[in-house]
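Two complexes follow with chain A in common, the first pairing it with chain B and the second with chain C.
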Partner chain A sequence: MSGHHQPLSNRKLITLPSLILAVLAFIALVLLAKRFAFGLGSVTNLNDGYPWGLWVVYDVVVGTGFACGGYALALVVYIANKGKYHPLVRPALLASLFGYTLGGISAFIDMGRYWNFYNMFLPDQMNLNSVMLEVGLCVTAYCTVLFIEFMPAVAEHYKMQKLKAILEKVLFVFIAIGVLLPTMHQSSLGSLLIAMGYKVDPLWQSLQLQPLFAILTAITLGFSIVIFEASFVTVGFKRSSETHILKGLGKMIQVMLSVYLVIRFGDLAMRGVLPNIFDGSFRSFMFMVETVLFVVPLVILSSPQRRNRGSMLLIAAVSMLFAGALYRFNAFLIGWTPDASNSFVYFPSTEEFLVSIGIIAMEILGYLIIVKWLPILPVDHAADHAEPHGKPASQPEQA
Partner chain B sequence: MSTITEQQLEEVASRLGLNRRGFLKFCTGVAATLGLSSTAGIQMAHAVTQARRPSVIWLSGQECTGCTESLLRTTHPTLETLILDMISLDYSEALCAAAGHQAEAAKHAAMEENKGKYVLVVEGSIPTKDGGIYCKIAGKTMLEHVKEAADDAAAIIAIGSCASWGGVPSAGINPTGATPVHEILPDKTIINIPGCPPNPYNFLATVLQYVTFGTLPELDDKGRPKFAYGRIIHEHCERRAHFDAGRFAKEFGDEGHRLGYCLYKLGCKGPETYANCSTQEFGDVGGGAWPVGVGAPCFGCTEQGVGFTKALHEKSEVTTHAPPDIFPPINAQSGEGATATSAGLLGAVIGAAVGATAMTVRQLGKAEKEAEKGAEHAAAEEQQ
Partner chain C sequence: MDRRNFLKLASAGAVIATSSGNAQARGNLEVPDEAVGMLFDATRCIGCRACVVACKDINGMPPEQSTPEEPWDLAMDLSADTLNIIKAYEPPQGDDGFEFIKRNCMHCVDAGCVSVCPVTAMKKDPKTGIVSHDPDACIGCRYCVAACPYNIPKYEYDEAMGQIQKCQLCNQKGVERIDNGELPGCAEVCPTGANIYGKRSDLLEEAKRRMALKPGDKYVYKLGSIDSPYGQEGEVPNYQDHIYGEKEGGGTQVLMLAGNRFEDLGMPDIPELSYAAVSETVQHSIYSNFLAPATVLGGLLYMARRNIKGSQDEEQDPNQDKSGEDRS
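Coming up: the complex of A and B.
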């Protein structure tokens, strides 16, 4: 692998965007201090009917979906043995590492009695019938695996040849586990919805198929986030385009999305809830928005000409990201009816939003710092030549 | 009481047209009204069977005879008979057989004979304006009659609202200066049995206690027996649950009125009126036979300053707790909805994501076009 990646070490670490991100992250840290000092109620709008709010649904459920880039690429590169996507793996792994670590931390933050958290790891305290246990253990284990998978970049940078040699010998084990674990817990996120039963709106509750929907959307989200990251890195760091690699991912999204939509609508028809789509309620509207967002990438990616264009790929990927996020929001929050009289209301508080925004800011900030510090991004010969002459270092970057 | 014999019981029972069992049941029932044990009921039966019955002088002033009528209609068992037998009603304008001078003579004879032992019952208020000339019996004012009879009375009972606190004659401008008994006789202990009419059992229980034990019931600060007037009607009202749940009849004959909802909003004075109407009821028929029970709001007859004073449909002052105008719904919404800031923030986040994507898409498109142009240019150059 050595020599394939390089740090963007000629870039400044402190730029205007990174300062803004740091401020947002700081706000979140202050609010988290408040949350731990005065409890969840002081920061969130969570209530007895809505014990899971923005932090679980965005930071954990959607956030780990967005962090599936490493998993999706590992599937393609190591399982399907498509070596040409290899340059994309390391940046995707980095994003996954951030996404999963912060997702795990968010789950901890959202726990009312977080001090009991350690019991999850004590075998005699485990409830082996719990979907939550499966998700919790898998996510924790996967964070560790991601860290180990990421270690070669560190070893390369600090020229720790011995460590690198050991890693290269054993890494295949961790890569295998790293493919297995997300397959398990991403489908378990769907199983959580099964456990919620009739409280989930019929438009999103399909019992047996929930794990399949969850894993299909997770993998498509993984491909989409890789396209998204690569596009922003290309433009933000003014690097040469990676469209020639990304278009293959576009094709995979198209296939998986088609499969997903066929099963999804087939399930709705089988259960006889298709009329619910047109009952004029807020939920039916949200279902339509979700479906449109799913269909947009399908239409864009169905033409090879459009798949060849980076801009079209990005539009498709972002639409898919919105679709996947909205699907999970709909299933977990918008289509959620806590009691028969439907007497609970929930909308995230401003402070809840600020914490989630701060966590996203931490992810982006961490990504920006690490790609400038460690060899993550593939070597870009065009940019290498252009950069020192064409672009003065004082000019602020876009990313 | 051991002194009561089978023979005596049979005698009284046959005199009253009752069987022995019915008579004992009545006495026990009265004892229960007073809050006494069944032993006391036997004692009452004994007292009633005694040959010497206490003499009662019943004076009527400014009144409608409703109190007497009410008493006569306590027919379970035939109570008018019983009253006339338990006590020796020596003078009553409504009930005595004698008339004119004969009646007046009987009264004086009884007062003379039972000096210091008779019970004086006053029905109706006493006019005091212009020397009390607005109510005269046998050429003397009511004022004089009351004062005269009170001098040697063992106990004085003011029956009905008029005698107890002035009642309807004292309403409004009070043209005759209608005055209750206790204001005419400030030095005497007066037992007030207010009501328009009062529940006859409240009177009966008081009299029987006096007859049996020679004592008078405990009184409240307005001279009313506590066993009957110790609680607000509202406290034990059969419609109380509707009050607490916020279900009110809003006009006569409406849905709520027909369903038996609380009459508070129709002006029911139950929440500020002390009486046992809601537990004792009227007419011995049970089944909610009392004003509120049949859908007529209480007008507060036992309470000075309420009955005949407040407007019929005026809301009463609730002494326990006032109902809120709007009750919380059973399925109260809980939790916080969207605020302008939080919704705005969500919009801003989505906007930022879409905006950043749009900018990047534009840059990518630009770069692609340039690349295409460059390729075309190179191709054209090659061709040249």
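Coming up: the complex of A and C.
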């Protein structure tokens, strides 16, 4: 028997929110059928100037950034040996597993010639110079690793002692690989921008520094999403607060964010593009919004008093999530200059949005179902005593 | 905090950082010895679009935006159905009239599309330097579209099983005009010699020769190919002091001369070091021989093994874990 994690098996599976999520997911599936039957153009607003749209930038680039919780925590718990964060690992791994798997599926959906995707795994076809190859292979491998890292929860639930014993013996290998792979492909997601050269606005085209900015923001996004999910679980399932553990993550966000901002502005100054921030263009405005969103968590988290408050931690984490997402949107889409001689326009179509929303719905729905089915969340002693099993907990079920 | 582990992590980081510093930066790729290409002299182009028609014909591309009532081609720009296009530019002042620019694949010496393609669907012929595309390998990720500084590769968004289309200098499978000793369609039909085919080195020499001529003098412009016995006499114009494609992004095999600034004709201003070279230098610095990732993995394995043992011990003894939490 495990003393650490438990399924929320006393909660109902079918609730109003889960039904809404299921409907959103279904709409996405219908639209995807249309995409496969009639082509990318039938659903998306992609055009000859904008080869990558919402699906690549949100579902893959931002989505896998949001899925860095498992990675960031593994780094802290198993590499920096901070055992106190251990209770957060499993829920974070679950979210990462969903985020990455759906990120990978989204990439496949967006592929114009998806039936050829296996070529990425054929040594004869691989182009080792391609950043895209590295991202594709690493993401695929990491999805597998996440699945294995998650297996102990399944083994525990079905009392497969032998499997659990084997897993415990070899798990360190997968944990190590599970830290290496995201370090590689999350930095490479930034490196994707280098080859695009002048098409990426100077405010975001940092060339050699792209991988560094990408990995720094990915890890801070990872910590932020852990805070966000833990707060969501605390409020949604009416469980006791985990602020006492989360505040340490807040401190780490503060440190990494400071490093990021110093290098980021240092780079802008070195390249002489600081004046672009004030040129009054839409891009300069978006840059300022992005910067404010990065600075807000920095200000909040710089005070130990504020770090101790769950609400403040949540605000900081959410601001960081928006900052990291906007940074990636700005670099890949908003600051995109397709052609020196033409003026292409792109804004995602309603159907594109609905597919992305449906994919997010699938993630949340899957998360809700699995935490009720498998031992994912840490045992909540306080909540167990406060809420006997028989109690008709109608409020919590709304989560 | 365990300082020893922190130091180890930091030193792993240092390995990555230093290996980046030591790795050899990749410069631009060299021009293949037998590189072929085209020279487009905008001052010779009369905008007849014979090249556009020939291109559509040879490559089996349909006219664009045409209806039964208006069956002519109205292509506005390059697309998956238009691999070559002529655009007119009218200078704001002066009555020199239009100048025309021909857009098609530049067949870069150090091609971005070739560098970024994950599955080697974009290939540069080691001899001729022609950049070709293999739809059977292509996964349709469209990174080539994003990474092409000239916005050349186009994906067929309106088809369920669309593919990438680009100019392959009329030498793709089934066409093979270059291999058969013929000219690319657009060069063959050009009536004024505005666009001629040849070895890149010969074309570059020719471009320099033309720029050295005295404006107003007579000069015999070759028709079709640099080696052609046929030519057409014309008056030497005022050339811009710029051979577009000589150096742009490491050079292109399609070269251009014009009377107006290339910037005004819609050509991008690209630094001499190709973006592909920058990208590959960064990528190979981090991953050179997989030394850095292997070193890091070694460190990670060691620490994960040690620390997971610790956390498993804790798991067996809830009290110990509890005290751990209290310490925080």
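Note that the second predicted complex is superposed on the first by the 389 of 399 C-alpha atoms of A that agree within 3 Å, B and C clash if a C-alpha of one lies under 4 Å from a C-alpha of the other, contacts with A are read in each partner's own complex, and residues count from 1 in each chain.
Keep in mind that, in the parts below, contacts are C-beta pairs under 8 Å (C-beta built on N, C-alpha and C of every residue); 3 or more make two chains touch, one makes a residue touch a chain.
From a predicted model like this one, the values you see are computed outputs, not experimental measurements.
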{"item": "First (chain B), second (chain C), both or neither touched by A:W373", "value": "neither"}
{"item": "Partner chain(s) touched by A:F147 [first = chain B, second = chain C, both, neither]", "value": "neither"}
{"item": "First, second, both or neither for A:S231, with chain B first and chain C second", "value": "first"}
{"item": "Contacts of A:A176 with chain B and chain C, given as first, second, both or neither", "value": "second"}
{"item": "First, second, both or neither for A:V318, with chain B first and chain C second", "value": "first"}
{"item": "More chain A residues in contact [chain B versus chain C]", "value": "C"}
{"item": "First (chain B), second (chain C), both or neither touched by A:F347", "value": "first"}
{"item": "First (chain B), second (chain C), both or neither touched by A:I357", "value": "first"}
{"item": "First, second, both or neither for A:M120, with chain B first and chain C second", "value": "second"}
{"item": "Touching both chain C and chain B, counted on chain A across the two superposed complexes", "value": "47-49, 341-342"}
{"item": "Sites on chain B touched by chain A in the complex", "value": "330-339, 341-343, 345-346, 349, 353-354, 356-357, 359-365, 367-368, 371"}
{"item": "Chain B partner contacts - residues on chain A that touch it in the complex", "value": "45, 47-50, 231-232, 234-236, 241, 243, 309-311, 314-315, 318, 322, 341-350, 352-354, 357, 398"}
{"item": "Of all residues in chain C, those that touch chain A in their complex", "value": "1-2, 5-6, 9, 77-80, 87, 112, 115-121, 135-143, 145-147, 149, 151, 154-164, 249, 263, 265-270, 275-276, 278-280, 282-284, 286-287, 293, 296-297, 300-301, 303-308, 310-312, 314-315, 318, 321, 324-325, 327-328"}
{"item": "Footprint of chain C on chain A - complex, ascending", "value": "2-4, 36-42, 44, 46-49, 51-52, 77-84, 86, 107, 110-117, 119-120, 122, 125-127, 129-134, 136, 168, 171-173, 175-177, 179-180, 183-184, 187-188, 191-192, 194-199, 207-208, 210-211, 244-245, 248, 338-342"}
